[in-house]
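Below, each structure is written out as structure tokens.
Next, two complexes with subunit A in common: one pairs it with subunit B, the other with subunit C.
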Partner chain A sequence: MKGRKPSIKAESVAKPSATNPLGTFKQYKDGTRVSVLDKYEIAGYIAAGTYGRVFKARSKDSRVEDEYAIKKFKSEKENEVPQYFGISQSACREMALCRELHHENLTNLTEIILEDMSIYMVFDYAEHDLLQIIQYNSYTLRMPISEGIIMSVLWQLLNGVCYLHENWVMHRDLKPANIMVTSGGVVKIGDLGLARVFYRPLQPLFTADKVVVTIWYRAPELLLGARHYTPAIDLWAVGCIYAELLSLRPIFKGEEIKMDNKKTVPFQRNQMQKIFEVLGSPIDEWPEVAQFPEFQAMQTLKTYRSNLDGWYRKAGGTNMRGYQLLAALLKYNPDQRITALDALNHRYFTEATNLSGNAFEGQDVIYPSRRITNDDTDIKTNAPPKRSGGSSGFYARKRARN
Partner chain B sequence: MAETEGQANDTKDNLNVNRFSNADVEYEGGSPNTNSWLFTLDELHDRTPSRLDGISYEGEVESRFKGINFIIMAASRLRLPHNTIFAASCYFHRFYIRKSFRKYHQYDIAATCLFIAAKSEETARRVKDVVIVCAKVAQKNDSAVIDEQSKEFWRWRDMILFNELVVLETICFDLEVANPYDILQDFVAELKLEERSTDVCRSSWKFLNDTCRSMAILAATPRELAVSAIYWGGVLLGKPITDEPNEEWYLNLKVPKEKIEIVCALMADAYKSRTGEQKYGTV
Partner chain C sequence: MAANYWESTQRKHWQVSSECLSQWRNATEERLRLSKHPNANIDLGDPTHIRIFLHGLLVKLGHRLSCRQQILATAELYLARFYAKASVKETNPYAIVTACLYLACKIEEYPQHIRSITAEARALWPDCVSSDSTIIGQCEFYLIEEMGMCLIVHQPYRSLKQFSRSMSDIYQGQLIILPDEMSCAWSVLNDSYITDLPLLYPPHIIALAALFVAVLTKAPRGSVSDTAVSGSRMANLADWLAQCGADLSAISNCVQQLLSLYHSWESYRDSTCQQIISKIINTS
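Entry: the complex of A and B
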């Protein structure tokens, strides 16, 4: 047995008073508990999402030089009433999975702290993320990301995805903002809040989450209303990320149709159209497409000739193998789409001479550090920050205009 | 308590990473999954927090039995599947390996574990629904009317939401639990048991349901539980499991006889408890 057992031990809790048993217990508990702020010094605020807020932190123990990203979850809310409904499903998933999964290319969970009915998950800090790298190249350097970086990042990303799939976990929310890169050039896949185990699920994947994956990275089978889907959806997202690393803008940048009520999921017509514009119609290579719920709606779209090779050349791609891998990742038919393991063994990588585990090795570019703001360093408050600061805010607005 | 919390968090890192490849895992005497939530019979008999708190072994077994009964009754009313029940039972048993029944009532923890398991097994139920069902089960009255403004409703609701965090912390946030039912199905297929006797299959499944009620969950891996269930099914119905003269078919599945004996002994203890006796008669 490798791990030590949690020791069995009699507790020395003070006897609860008859009037308020929980109160006494809580006092005792709060007294013994290590508070987030006792242990960590908040260096700044990084970003916010639907799940909650993320802060950069350092250990107060001066012997520890590591930096951390602390993710504070919002509590579950139903019906928009400001009331506590227990921990959220995404916190529950991330907790359950991060405790078990350990891999070089996944963000590492150091600990979980519960305090004042809030959950703080402490992760190792990563200086960069793919969104930030893409934006730096796009707006500041105004030049493509060097091929060495792309190849290394893509390989490491696939390596992490392969590990997840081998362990029967689907990520379901791969996108540049969720892929971190450390200052040492190591890719770390983050945010497992939508991830799910798909080993013999008793619950259909569709029941709990009607919509998965951010729209630009959403696979065609999902757009067509698939009730059952496979880990191939993650590979589609990897294909989109790869394309974005090449061209510095999302390859399929559709406009999302917002859900007006929670019951029905609208057909994302514009997103599907954007995919058609590059890849053409799926009917020939994917005959099963006719059985999807949204097939009729799809047929009303304007069709194009498949032109991925043209797109690839236009994006500045010259490597033949790179194109083949991209085409294999962006296959319409999920059964024919390349798996993570096969992608790792693709000739794009095996024939390469300079594939490195450090994305920045031998590169001249020095990417700027993650931008953190100091106007909202109070991790204890529940109020969302007033303005959307952080690294993404400035660029996100600029990006929206393009 | 204070010091175990952080420590346990650190030490349980490799738990159950192999959960999905159970069939290929070599048996190494201890746990193939390096599952650190497994304990020896001595530890379970004499050294649990409840035992150290002056509760008899029989008393503890009975409280556990009652708690799991509560989980099963509430789960069936909430239409939750067996794997959610199993996960909730695991959380429940693990919780009381670190806390005493003197300090936490079994119904409170049972309700909380079920609420968490529903979320972790992707079968989430609304707090409101869980609260109402739990209040009914606790009253042993299905037609009871639980008003959402009532004191009782809010007592249950506050209790579950408060204990949710206590339970999570106590079980070290280990929410992924390997599912023995899948393994049982694999073994049944492997041994071609279904063609031989559907009754054995059925009683194995039911035995596995009952393992939730006993401390066997804390002594054996899901794989060992599944094999013990088949063993028990065969013994109970007097049917051989394989044609080979060598009875020790389970050795081929890399489970030693001693493990099966431990599981069966713990099961017998549970059946013998007062509540178990009323339900099953003595075994």
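Entry: the complex of A and C
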């Protein structure tokens, strides 16, 4: 009978197999890995979204004073027992892109830790974001954001977008909640979970992702069902963000029609209508619009006269160059919409005397720090995120109702 | 990044010296020996043969999933990176190959469901791949970790096309790469993933080497006049390479490694490698 019963020792150095393909390599790696909690101390919980949860953290190394935002992806399925279901496309994209991209105006990735079937992305912490700044001005200060801040934020945002586009990357989810601002006034574009490389795609962009960009910031070509689209969609979103910084509310605040099944994408009628109300009908400036899949549906919308200049004045805008840049960003025709590089060289910026790389330079207003809660600081649990308002920004939280 | 090899993680983290590669491999062998791994003393034979075998597995699965070459090449590089740090002796290469392809499909924006890719792999290798797709998911995790989360890769195919265009511009048609040579160079690039070249050299150097090998092997043989023509083509190519300031010693090193791959391929037997891998994997 000797040797019949496999000893524990023998099992621990078993040959690799179909059910244990990593064999002893797995044990070796598990034994050498540094845990996220060995390196970081969780200071509090920031937010949850569709992707998972974000925590504020500090290094356990007392010589390092930096603060971090650790994003923990939730597993593909809402399951109590975590398993390897395959890493989501979104997490793959964000890991891959964050590892390659480095720019002053992008959120800096410190490291990624893969541990216990979870992905932890460690980013530099940013104290503010544009949604929070807009809301603070809107509800607490009850006054517009100062022009110096708007100009600096817009320039830095365009600078980051320009870098992305130069590197053949589209962001595809630019919105105030995804644009961070550090306490030093530096803009950091975050959340690359929908971003992708657009150099020579193997299949039409629409095939891979049926819906991109949060609805209020979604470009008209996307609303009209474009199968192919260009980085110009990001510039539309920048235009919408710029408008929101001016008026403190989304310029095109349409109501989203929820997708009832995953196959067909509904025409977002109300969103398109909101755009029409400000910009008029696109037919004259954009003849190719007739070729888009949703053109017939668009034709049934009520038409208006273009009135962006009226909107700009009503929002309190006085700078002629600022208006021209807004109009160039919100061009219907994506081929005529201004590029990020041209926008950076727009006279709105080049003629300005007080353009600063620190959005808060010379400003009196002090924005409050990000709200951190302590009711959920256990980063290791796989508990599904608490009910959130459905917002999916990087530090998403419920958007206050106007 | 996508536009810039020089700033990429491939250049910064995954282009290494041959000394570094041997060091990694020796360390792995040492680890297996010290842990008294049951496969530590298995003789893999010619290491190139095992690489050809793995390449064959990947191509086979890739074709079943109708993957384009760009996806295969990305998966090949993942495989090369993984096995630069781990040993074939301690893992099940069928599962690793499947995980590489699964991940490459996502990164190249041609995602496949993990269950369908597992099912295809199982259809090809029922004894070696489990029907449980979470096992492939686990391999994916360890693969990504081992690569230091560097997932975007630069391939030599783009450089090859650029060189061919720029040559015809410079020589006004005199030294246009012939279609035959172009497709031969393309195949050489496919094969380059079997070697260590993608871990050692930037993609454009490998593309130039492939071009060189193509012109060399596609040269017409026979009559004296043909030889003279091909000789002058080679001379032109060498002249052009020198003019563009490419690292000639690196290119010649690549050419040698490619030629030695083809030499080694002549004695390759698929069944021999399959037997060796079967010995490694516990298929009971």
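The definition used in the following text is that the second predicted complex is superposed on the first by the 346 of 402 C-alpha atoms of A that agree within 3 Å, B and C clash if a C-alpha of one lies under 4 Å from a C-alpha of the other, contacts with A are read in each partner's own complex, and residues count from 1 in each chain.
One rule holds in what follows: contacts are C-beta pairs under 8 Å (C-beta built on N, C-alpha and C of every residue); 3 or more make two chains touch, one makes a residue touch a chain.
Just so we're clear, the structure is a prediction, and the values are computed from it rather than from any experiment.
Engineer: Pick one for A:Ile112: touches subunit B only (first), subunit C only (second), both, or neither.
Structural biologist: After superposing on A, A:Ile112 lies in contact with both subunit B and subunit C.
Engineer: Under the stated touch criterion, which partner chain does A:Val34 make contact with: subunit B (first), subunit C (second), both, or neither?
Structural biologist: Once the two structures are laid over each other on A, A:Val34 reaches subunit B alone.
Engineer: Give me the intersection of subunit A's contacts with subunit B and its contacts with subunit C, in residue numbers.
Structural biologist: Residues 13, 16, 22, 33, 84-87, 89, 92, 95-97, 99-102, 112, 114, 117, 167-168, 196-197, 199, 201-203, 208 of subunit A touch both subunit B and subunit C.
Engineer: Within their complex, state which residues of subunit A touch subunit C.
Structural biologist: Interface residues on subunit A, with respect to subunit C: 13-26, 28-29, 33, 83-87, 89, 92, 95-97, 99-102, 112, 114, 117, 166-169, 196-197, 199, 201-203, 208.
Engineer: Considering only the defined contacts, which subunit B positions touch subunit A in the complex?
Structural biologist: It is residues 1-2, 4, 6-17, 19-20, 30-31, 34, 36-39, 43, 47-49, 52-53, 81, 83, 97-100, 103, 115-116, 119-124, 126-127, 160-162, 164-165, 168-169, 172-176, 179, 182 of subunit B that touch subunit A.
Engineer: Could you pull out which subunit A residues touch subunit B in their complex?
Structural biologist: Residues 1-13, 16, 22, 32-34, 78, 84-87, 89, 92-93, 95-97, 99-102, 111-112, 114, 117, 167-168, 196-197, 199-203, 207-208 of subunit A touch subunit B in their complex.
Engineer: Provide the residue numbers of subunit C that touch subunit A in the complex, in ascending order.
Structural biologist: 1-4, 7-9, 31-32, 35-39, 68, 70-71, 86-87, 90-92, 94-96, 102-103, 106-111, 113-114, 127-130, 132-142, 144-146, 149-152, 280-284
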